[in-house]
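The structure that follows is given in the form of structure tokens.
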Amino acid sequence: MPPVAAPEAGFPWIVLAILLPLAGMVAALPLGRHARALALLLIPAGLVVALLLAAQVWREGEVTYALGGWTPPLGIALRADGFSAVMVVTTAVVLLGVALFAQSSFRAPPGEETRAALLFWALLLGLWGALNAAFLGNDLFNLYVALELLTLAAVPMASLEARAETLAAALRYLFFALAGSVLYLLGAVLLYGAYGTLDITLLAERAGPEPVTWAAAALMTAGLLAKTALFPLHLWLPPAHAGAPAAASAVLSALVVKASFFLVLRLWFDALPGVMTAAAGQLLAALGAGAILFGSVLALHQVRMKLLVAYSTVAQLGYLFLMVPLAGGGGAAQPWDAGAWSGGVLHAVSHAFAKAAMFLAAGLFLRAAGHDRIAELRGMGAALPMVTLAFGLAGLSLLGLPPSGGFIAKWLLLTTAMASGQWWWALVMFAGGLLAAGYVFRALTPLLARTETPVLPGRPVPRHQQWAVLGLALCSVALGVAPLMPFALLQVGRPEAAEEGIG
Amino acid sequence: MTALWLLDLCLVAVILAVALSAVAARDLFAATVFFVAYGLLIALAWVRLDAVDVALAEAAIGAGLTGVLLLGVTARVHMEARTPGPGRGMRLAIGAGCAAVSVALAAAVLSLPVPAPSLVPAVEAAIPATGLGNPVTAVLLAFRGYDTLLETLVLLLALLGVWSLAPDRLWGGRPGLRHRARPEGTLAWLGRLLPPIGLLVGVYVFWIGSDQPGGAFQAGTILAAVWLLAIMAGLSDAPPVRSLALRLVLVAGPVVFLGIGTAGLFVAGAFLGYPPAAAKTLIVTVEAALTLSIAATLALLVAGAPERAP
Amino acid sequence: MTATLYGLTGAALVGIGLYGLIVRRHALRRLLAFNLLGSGVFLLFGAVAERAGPGGDPVPHAMIITGIVVALAATALGVALVLHLARETGRAEPDPPEG
Amino acid sequence: MRGALLPLLVLATSLVPAVVIFFLSEHAWRTRTAINIAGAVGKLALVAYMLDSVAAGAEYELRFPLVPGLDFLLRVDALALLFVTLSAALWLLTTIYAIAYLGEGPHQSRFFGFFSLCVAATTGIALSGSLITFFIFYELLTLSTWPLVVHRGDGESFAAGRKYLAYTLGGSTSLLLGIVWLEGLVGPIEFTRHGTLAGLDSATLGICFLLLVGGLAVKAAIVPLHAWLPAAMVAPAPVSALLHAVAVVKAGAFGILRVVLDVFGIGLVQAEGLGVPLAAMASLTILYGSLRALAQDDIKRRLAFSTVSQVSYITLGVALAGPVAAVGGLVHLVHQGLMKITLFFCAGALAETLHIHKVGEMDGAGRRMPLTMLAFSIAALGMIGVPPVAGFVSKWYLGVGGLQAGQVWVIFVLAGSSLLNAAYFLPLVYRAWFVPPPGERAGGWTPLLAREGHWGLVLPPVATAAVALAAGLFAAVALSPLGWARLIVARDYGL
């Protein structure tokens, strides 16, 4: 098999989407104090690349790229379908917001290089590259490497403040993540042993429902769930996400956990569609339901705002897994087919925006008040009205209330659940929405309370940070007003199993 | 055949026994020693599995560097765990669960199809285009070069992660403590004797890597070990992390890899592709740069976060 | 034959490593168990490669080398975290103290 | 079907001011006022323009897909226009009132931003052409009202806010469940004459009707789901006006109208026997609300329970499922709004100017604030059903409709309720006019307008009272609320 010319005609945006951030990370180290400037240059550029990739997928359909010209199974292929393109664009937009927010917090004094400033930007670029590698990879082993890249960028981010509790949280995060990747790798090994390839497209052709495939799928799923922090493997998430600096929390909660979720879907719907059983789908959804209820109740009981937001992530991740048994469950009555698939993905995207906004908002309250104890944030709403508004708008999406991306997502999941007769998942979603209302309004109430004397921020909060937060929150709302564009993009290269269901 | 079979059985038995001891040992130090021994035994197992490249990597990295890393930290972290572990019943249950996983895996192994699917024919068909003789190197640098690229970035990120733990005031400083060995002591003697030999071995392992077992990772590890030894013997000091030269060395491998990979976009029609005529030269160039960067990265990973002010 | 033997050994090592990872509280013991677990997975992979015939399948071999390096990188980060945690708190386990 | 732009413009006249006001500085008093008034006047003008063509049988429609197959649909039909006209007119007056009422108080940008957003949501509710669009605006209304309810920012407000959210979000959940269930069965549901649900089995229809109407009943304050409404009285008076007359309870009642008339269709509701239980619940609410109102000493609380009672006339009207009763229900949507907002404007003015909060403090108020109390008295008499005020027309049509539908008991409900209305409103009117103010001998005279408050507090109630009176006097005119309601019913029943 001699090297063949790249089989596709278009410009390889797919390669550039991965390359740009990773090259940036490599360059950040020798650039030292200029790393921030580099990142601020690359992130908008990366957004353009992401959009161009999405446009390419939109125009030409699924994009594949054989790296080095070596086609699978020998070589590694990259693949972008609508789902990947949506995730890559989402990542770039969230990062743009986060970068805008962080550009003043992680800034070294002129002519000097500081630890936090250099490492934040270098890790952020590395994390971005890892995310894109995970969204665009089509080889299970390569995805393992991408996941490790992600872990090794994410864990130091969680402990960037290097306080005792963040060190412990980061270490716990590392253990869960490592155990997760090893289990994932173990499953991949079994698949290679059985089918002689790890290419997702080839596996879909070769893998059949056999015990060894089930074992592999179980191991890989378990590993990915540990990384996604799906209940009951969520223990590491709240302290790790709440302890990180606000900008890092936003990225970790909005994007990093989504990568492993993305891979669960890749595995179940793309690589092994004929292998998964309906019972396994129900089990996964049951864990999701557990996450929704358990996470929401715990969020209701948090005293600190960042922990509340972190537990809300635990809960919101649960919704994503409800889509597994629902996919393909649309009855004949829906003109929108594969409603649950689109709903789940839309939920992942709108949650990414909403959660990033919430963590950044929580960070600003923390900055302004010097603490983030919810009950003592009285009157902050008057001091930071824009941030409060952003927090409320993001909350809208978490509640799944219109107009927000969260609502359309939930709507699609709900209608599919009812149409396929799985009403119990609908009930869970309703309960989750009410609980979410509980914790979002619990956080908002003290903010809006009137105080005798106007509250002044202890430290000034820069205007551009407020705009960044509001911008991200508006993105999550905008998805509810015009979800059409991502929706249509999502249909490109949609796995068949998404239409027909699993098992 | 039978003799080898018996040897295999013995080896496996010892491996399992040592692994169990490493988990069950009472104190941390003993567990670490068991683990290093385990690494060496596993390297033997790799030889038995016709994977000399892996055996080298395992001996150098799995047993060697990981061992140094763990032994080094055992010397500095003395405390025992204070949180009580799970109770006896719980431990039994967990043990049963883990045993069940093992049994299931064993069943999966036994149920793998015969004949085994493999990529051997594909590799054999494609290897001439790379000009390499060692198929493992061909996979690492050509067919799955993208994996290797990401892997070097994993190392770099890990180093950034380790450095991120330094206190702000020490940022830019040197990692670890200054080692001063007695000039006439064994360490100093070894420190003077081994580096030249190690250097030679390292370069050799790198050089033969294109055709024989060996290559950038194994060679880089050996060179890293040499450097670490020199540091421990007090012959040289760990460089300050703000040093531009050091940083350039650290990124040289990825930069060259990325650069040649990008050039492939234009001359070979695909990112990370090589034009067949120049394939071997390019691959060896990438490997050379990688060896250098890997050596520096691994050594600094073991050295740890900056602990001395710049 | 050899392949199967080492494959089974890999399976056993996975169990042993997993047990250590769950049961142990000391972070370094956990890191050690993680390495055992990883090495079990690699051995299993090696056995899979060996089933391809004499000389083995080079593709898994390359992947195993990658895996070994990645495991080292993770271990190094873990060790650094433990070291600083111990320095900050005098504890070498990430779990919160009882009660 | 004509221009898609008009519905959007009508929506924009309150949505755009809302968004702009959020970003205005707290001190930009003039700009804020100008934007508010301009939005309200603009909306009124657009509505007036549409009234004419819709009367002639035209409909405006704006449709774009949210996700393929699921359309966002705004449609201006006669029923929509009835509600939009009411809310647009009352919005203008309430805005004038609110500007005067709040004066220099804090958080005005927030207040007026959410206020306009509420009206935008209400407009959206009125114009919604499908269940999903309706739900979107219905929830927008829930959420934009909450900051207004808790506007004072004290413990009592937040308690009321919590109660409001608990009730309304619970209601939304039920509503959404019903929508999802139905649409899972028959696909997207648009509001069409006579409904789209024929062919479903009775049990499903019954459960879905219960879920939908049960969800809407929360905002419509039907017993036993009404408790949030009296609690929400802690909000500033303009907010109460909004809750009781313009937006919230009306949205619930309007939703019930839509479900009965345009989702299920009157025929199906009758055939499945769903109307009678609803009518019974409405009647229960009418009587219960009146009884509770009688027992309240606080004026605003008395008015709140009166709303509980009065809004259910609307539900009763459609639940009876006969054309005449439906006219009564529809027309009461407007009449109740006019009269109740007058009462709240007056109550707010009394509280602001004379610090009158309790029934017992009303003595002599008529002499001190004659214009305000005149408006109050007209509205109160209308509520009781005294001709020629608008309330009489509603009750007349409801009574006749009840007889026509063969439900004679409705007459007794109406009579009982009217007696109770009289019992809790007349003492207020009596005290205001015929009992001398404390500390003043009988027969003393206070100069006209002597104690009237800011003109912005006086003009709105006088205007609404006048319109309420006119709506009764000129009920026979085609563009009167009654004429319009008859038009809707004629179209719906194919008469």
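Per-chain residue numbering starts at 1, and chain names A, B, C and D are given in the order in which the chains are listed.
Just so it is clear, a contact is a pair of C-beta atoms (placed from the backbone, for glycine too) under 8 Å apart; a residue touches a chain by one contact, two chains touch by 3 or more.
Quantities reported herein were computed from a predicted structural model and do not represent experimental measurements.
Peer 1: Could you find the chain whose CA centre sits the greatest distance from that of subunit C?
Peer 2: D
Peer 1: Round to the nearest whole Å and give the separation of the Cα centres of subunit B and subunit C.
Peer 2: Centre separation, subunit B to subunit C: 13 Å.
Peer 1: In angstrom, rounded to a whole number, how far apart do the mean CA points of subunit C and subunit D lie?
Peer 2: Result: the chain centres lie 68 Å from each other.
Peer 1: Round to the nearest whole Å and give the separation of the Cα centres of subunit A and subunit D.
Peer 2: That pair's centroid distance is 43 Å.
Peer 1: In whole angstrom, how far does the Cα centroid of subunit A sit from the Cα centroid of subunit B?
Peer 2: Taking the average C-alpha coordinate of subunit A and of subunit B, the gap between them is 31 Å.
Peer 1: Please set out, as single numbers or ranges, the residues of subunit D touching at least two other chains.
Peer 2: none
Peer 1: In subunit B, which residues are in touch with two or more of the other chains?
Peer 2: Touching at least two other chains: 105, 108-109, 112, 116, 118-119, 123, 143-144, 147, 151, 154, 157-158, 161, 165.
Peer 1: Among the residues of subunit A, which ones contact at least 2 other chains?
Peer 2: 74, 141, 145, 148, 152, 155-156, 159, 162, 167, 186, 193
Peer 1: Touch graph across the chains, line, ring, star, complete or other?
Peer 2: other
Peer 1: So, with touch as defined above, which chain pairs make the list?
Peer 2: Here the touching chain pairs work out to A-B, A-C, A-D, B-C.
Peer 1: Help me check something: in the complex, which residues belonging to subunit A touch subunit B?
Peer 2: Residues 1-3, 5-6, 12, 15, 19, 22-23, 25-27, 29-30, 32, 65-70, 73-76, 113-116, 119, 122-123, 126, 129, 133, 141-142, 145-146, 148-149, 152-153, 155-156, 159-160, 162, 167, 186, 190, 193-197, 210-212, 215-216.
Peer 1: Which residues of subunit C touch subunit A once you look at their complex with the stated criterion?
Peer 2: 14, 21, 27, 30, 34, 37-38, 41, 44-45, 48, 51, 59-60, 63, 66-67, 70, 73-74, 77-78, 81-82, 84-85, 88-89, 91, 94-96
Peer 1: Which subunit A residues qualify as touching subunit C in the complex?
Peer 2: These residues of subunit A touch subunit C: 74, 141, 144-145, 148, 151-152, 155-156, 159, 162-164, 167-172, 174-175, 178-179, 182, 185-186, 189, 192-193.
Peer 1: For a test of understanding, state which residues of subunit C touch subunit B in their complex under the given definition.
Peer 2: 1-20, 22-26, 28-29, 31-33, 35-36, 39, 42-44, 46-59, 61-66, 68-77, 79-84, 86, 90-93, 95, 97-98
Peer 1: Taking the touch rule as given, give the residues of subunit B at its contact with subunit A in the complex, in rising order.
Peer 2: My answer: residues 104-105, 107-109, 111-113, 116-119, 122-123, 125-126, 129, 142-147, 150-151, 153-154, 156-158, 160-161, 163-168, 171-172, 242, 244, 247-248, 250-251, 254-255, 258, 262, 264-265, 268-274, 276.
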